[in-house]
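Pasting the structures in now, so scroll down.
Below, chain A partners chain B and then partners chain C, in two separate complexes.
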Partner chain A sequence: MVRYLARRLGQSLLTIFLTVSTVFVLVRLAPGDPATSYAGPNATTEDLARIREQFGLDDSVFAQYLIFLRDLFTGDLGTSYSFHAPAFDVVMDRLPYTTTLAISAIALTTVVAVPLGVWMARRADTNREIGANIVTIAGQSMPDFWSGVMLLTAFAVLIPVLPSSGFTTWGGLVLPTITVAILQMALISRLVRREMAGALASPYITVARSRGVSERALTWRYGLRNSAIPVLTALGTRFAALLNGVVVVEVVFGWPGVGSLVVRALETRDYPLIQATVLVTAALAILVQLLIDLAYPLLDPRVRLGKAA
Partner chain B sequence: MSTALDTTATPSPRPSAVSARQLAASTATRRARAARLKLWIGTVCTLLVVVPIALAQLLPLPGPNDQDLGKRRLAPFTEGHLFGTDQLGRDVLSRILHGGQVSLTIGVLAVVVSGVIGIVAGAAAGYFGGWVDSVVSRLLEAQMSLPLLMMLLLVVALFDPSVPVITSVIAVAQWPEVARLTRSLVLVEREKPYVAAARMLGLHRIQILVRHILPNIIRQATLVVLLLLAQAVLLESALSYLGAGPQRPFATWGRIISDGQDYITTSWWLVTLPGLVIVLLVVGVNLIGDGLRDRSRVRRTATEGN
Partner chain C sequence: MTRFTPPILGRRTLLSVGAGLGAGLALSQLTACAGPTGAAGPGTISLGLNRSLVSLDNKLNQFEAAVTVQRAVRQALTSIDQNLRPQLVLADRFELDEASGSWTVRLRDDVHYSDDTPVTVEDVATALRYYGEVNGSFIVGLFPEMPTVEPVDDRTFRLHTQRPVAVLDYLMANIHITPAAANEPVELSSGVGSGPYVVTRANGGTGEYELARNDRYWGPAPSLRNVRVRFVPEESSRVVGLRSGEIDVIDSISPDSADQLDGMRGVRIQRSPGTRINQLFFNFRKPRGHPLADPAVREALTYAIDGRALIDNVLTGSAQQAEGVVPVALEGAARTGAFTYDPRQARQRLDALGVRDLAVKIIWETGEFAADTFIMEAVQEMLSDVGVRSTLQQFEPGGDILQWRQGRRGDWDVLGNGFGNPTGLALTSLQGMYAGTPEREETRDTYQGFVYPEVAGLISDATAEADRDARNLLLTDVQQRIWDLWPCLWAFVPDAVLAHRTRMTDPALKPINSYDLASVALEG
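And then the complex of A and B:
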């Protein structure tokens, strides 16, 4: 167990390190120059040179990388060019918003998609189920920016019951949550259907049924419990992906999260901020993934971590 | 589920005691019917979008960039503009169809590239194992843990957003899915007796992989590629919505929507209609992919007898 954890943590650190290094090199291959966007249109060549000097952009990429690594190990991710504050702090300020949105979207997904998937598995291939099935396909076929704008128009403009952008009241959470959750609900309910259909067709269900176990218990206690691992894995993976940035939805709703931050950082070529964002979100996503893997044995005693199957 | 068969009934002209109704209610029949339904609806939806896009140049439409400032934001069905006009008096239907040519080209090219890379890499990893497998698997894992859209935006921001760049970016984003599936299919396939037989006959390993294993898995692998086409179209439209799509003069779907967003309160069609076209196409492609997969599943369970 300890060895397993150590190996996983090692792998995670390596992945994060490689990711950040890739991003570091990629942003510097860019044709754009942070100094120009920082100094504004009226800057003189001397201004630009001074700014480049100040940001340490005159050194070779390799030298910059070494400095970046040195700072990284002392916990310093550099100062954001546009916010004039430590990049790490800027990201951490935005993170709670993204986390809130991700948690509420996954909660809504779980509440809707699991019962829906179970229902679809129990009624597989009946007319109504085929209808529901096609609806879930439609759900996974909608561009989120479009459904976001449509929801916004319907519930913030035509029938103004909810705020249109930002996060000032809890009502502001409703529309972004639904927009994010549409795709997740479609994916998860289809997964639940597939897993449950497999579980309900397995021999232990037949045995339990022949012993007089009620259909309700068969579905929820026997079927769902045995489908729990793939479903939970998927929910966790989706959650981790959401932490990585709900870029489009955040832009549509003016949500002050990490996703809209990264778009801004890319536009202004704010190197430290881009690096910090990628580092924090990648680390968070990997951590969530690890926690899910650690939760397996609690759900299914047959799973032993760290041993080859 | 099933009711007991009545074997004492008078002999019917049917050779089996299973009545037509029971047959129609059987799981296999219902499954096949669901698959057929999905395929039909999917094909209709897809053709409804693809055919007009393919014929965009032939249809009697104004050019996608023809401005007529006297006819700004006309509602649909007025003055010969089926989908209305936008804030610069351009015909929305024409813009959607011409934009669709760009989106579909990018989507198809991206999917072909990612399909080829994914199948080659996945098949090599599954068949050769060893260090080839390690390299491919690590690459897959690393890419799966990356924030996808963020990376796409990054790369597009770095190199200019031209059609080749966007195509390759989407292809690179999508190959892991194909590679993972192909790898797992090959892993199963290579343990089958015919592979051992081919080896006994002295065939070269590459020959076995290309001539014997690949033909057996290619159908399933291409099914995933079809589903990826739907995803590629969505990715492209998201990128161009964020301003990282193909630049003007191309009227891409994402940009038509982001431009129309400012007028949503007064001109609903500028956002609603292009979005509906995207949904129709993507639903269609997804339904075809899903239907084909269901159908192959029905066949497989039928032959394996469980």
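And then the complex of A and C:
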């Protein structure tokens, strides 16, 4: 277990390093000049030269990279050009909003999609299941900006019971959560339905049923437990993706998360902020994946970490 | 056969611990970012800004709505009023000595910061020095040169410049004063000010601030107890927030949103003639012999543009066609002419000048002004009607339009560009756009290559002219000279527009698209 953890930790660090290094080079290859974004359209050539010197942008990309690595190992991710504050601090100001939205959306997804998927599997090929299928396909097909605007119009404008933007009250979490969760619920419920349908048709379920095990136990203890790993993997992957920010939902609901921060950082060519955001979100995504892997043996004792199947 | 190794801890235990940790983490995150309060309560208003206020200092960033909030916390020696005239704030005397060209300023004897320490001459000197030391400061560009401070006594000082700057009382409205010991040559994210409000919570990363009434304010106490400032980037979200009552004030709104909100119950719209000019500016770097290097050709092309239709149909009446080279609301601005729509005359003039088969390239950055793409497409059609072919090239924010503007990336003919003015002075806009010199053009730092030494000379003379009437005469002359060069294919001045809930009093919007937060009160 310790060796496994050490190996995974090493892999994770390498992945983060490669990701950040790739982003470091790619943002510098894109057109645009951070100095121009920083100083505005009326800056003189002299102003721009001073700003480039101030931020070390007149060094070669390789020299900038070496400085970046040196600072990275001392925990300094640089100063954001547009926020005039440590880039890491700016990301951490926004991160609670992103994690809150991601956690609440995944929680809602789990609470709704798992029972729905189980229900669909137990009623496979009935009219009710076909109806539920249509609903989930619709949920999967709806772009989140559209569902967000519709929810906003319904519950913030026509029946103004919920805030339309920001997170100044707890109610502010409701509409963004539902908007994000609609797509996730559609995806996860269909996955649960597929896995559960397979599990419920397995010989061990038939044997258990013949031995008089109740349908409730067959579904929730036998069937769901054996379907849990792919579902957990999917939930974890979706959660990790949400931690990178949900730009459209953040824009529609004025949610100050990491997604809109990245867009702004890219627009202003704020290199330190782009790098800090990528570093933090990549680290979080990798951590989530690691936690999911560690959870496998808890769900299924046959799984042993670090051993080939 | 798979060998089963019993775990040290039971699976149930681990799952329970995991669930508990997850719940704890979720709760801590929620607590971290959600305040305990609901919608703006009694004595509180909420402002929804279109751009993120990264700090309450303006050494680097100054956009219109930011000024409103920044000045509620940090004040300057003067401020610009609704009639675009300077008013004394921290100073009770601000006088120009015409003989020496220096200004004598005296601080009010009762001004102090929110921590009760007095505003001193050293604070002013330090502020001026640090504004000058910041790279890329927008504010410094407004000053022909930064003044230096010579103390006279503990409240009085002189402001010196190498050449007289006769409008320093206007310009100093942009220099916010902070205690010298707490000031730095960077944008400050904390610290005290002398304004009617103090910051009680600040999150520069999300652009959210909470201000509370400064109980030690040296002036009349503001009516509002608290002000909440939020960054809501999407205009439709700000409009919905205003309609639902979550936000009390939104500003810098587009014509479409203003139309949508106009007449809505509980919402009031305020408009003021603006100080920003949006132009379709010709490229003045064309070689001799190029049709666009000839003012007569440029003038002929202006007849092709139906400005009235653009104002009425695209901008829905929220702007005025320019009647001069700067907005006429500015102090010292002159009405120098008008854009006339007459496509037949355009074609006749072009024919008479021997210009046939002219093709122009129009460039602009997305969001430079409201309805930018619609305007450009309409202009393309209008030019086509007089036989002028045009191509449009749109740049995304953060791209390399500056390189294009300077002619380093490619050639172009017309640039869609806006030029704001936070001082209320025509002189500032003229200086920024039309005072180009051959020396500055060597580094392509003039305004689209506009280099006319006699124009630059007149602007410089006006800057130094102490007598207001004489200065305005000089300015009228120089504006007419510029107009006669036909620098713009078309230009318009958008209104400053603000929408607010009727539960608060009118915020007295100034043409510089800002208002005095301390003068706002709740109705009833």
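In this section, the second predicted complex is superposed on the first by the 309 of 309 C-alpha atoms of A that agree within 3 Å, B and C clash if a C-alpha of one lies under 4 Å from a C-alpha of the other, contacts with A are read in each partner's own complex, and residues count from 1 in each chain.
By our rule, contacts are C-beta pairs under 8 Å (C-beta built on N, C-alpha and C of every residue); 3 or more make two chains touch, one makes a residue touch a chain.
The model shown is predicted, which means the values in this text are computed figures rather than measured ones.
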Subject >> Partner chain(s) touched by A:Val157 [first = chain B, second = chain C, both, neither] >> reply: both
Subject >> First, second, both or neither for A:Leu266, with chain B first and chain C second >> reply: both
Original post:
Looking at the overlay, does A:Gly56 come into contact with chain B only (first), chain C only (second), both, or neither?
Top reply: neither
**OP:** Check the contacts made with chain A and report whether chain B or chain C touches more of its residues.
**Re:** C
Original post:
Looking at the overlay, does A:Thr281 come into contact with chain B only (first), chain C only (second), both, or neither?
Top reply: first
Original post:
A:Val251 contacts which: chain B (first), chain C (second), both, neither?
Top reply: both
**OP:** Answer with first, second, both or neither: which of chain B and chain C does A:Ile130 touch in the superposed model?
**Re:** first
Subject >> chain B versus chain C as contact partner of A:Gly10, first or second or both or neither >> reply: neither
**OP:** Could you give the residue numbers on chain A that contact chain B in one complex and chain C in the other?
**Re:** 31-32, 149, 152, 157, 251, 266-267
Subject >> Touching residues on chain A, where the partner in the complex is chain C >> reply: 31-33, 35-48, 50-51, 54, 82-85, 89-94, 96-97, 99-100, 103-104, 107, 149, 152, 156-157, 160, 163-173, 251-254, 256, 260-261, 264, 266-269, 295, 297-299, 301-302, 304
Original post:
Of all residues in chain C, which touch chain A in the complex?
Top reply: 2, 4-5, 7, 11, 14-15, 18, 22, 25-26, 29-30, 32-35, 37-39, 48, 52, 54-55, 60, 135-136, 138, 141, 186-187, 189, 203-208, 228, 230-234, 236-238, 240-241, 243-246, 396-403, 405, 417, 432, 440, 443-445
Subject >> In the complex with chain A, residue positions of chain B that touch it >> reply: 27, 30-31, 33-34, 37-38, 41, 141-142, 145-150, 153-155, 157-160, 230, 234, 237-238, 241-242, 254, 257-258, 261, 264-265, 268, 271-272, 274-275, 278-279, 282-283, 286-287, 290
**OP:** Please give the residue numbers of chain A that touch chain B in the complex, ascending.
**Re:** 15, 18-19, 23, 26-27, 29-32, 124-126, 130, 133-134, 137-138, 140-147, 149-150, 152-153, 157, 241, 244-245, 247-248, 251, 259, 262-263, 266-267, 274, 277-278, 281-282, 285-286, 289
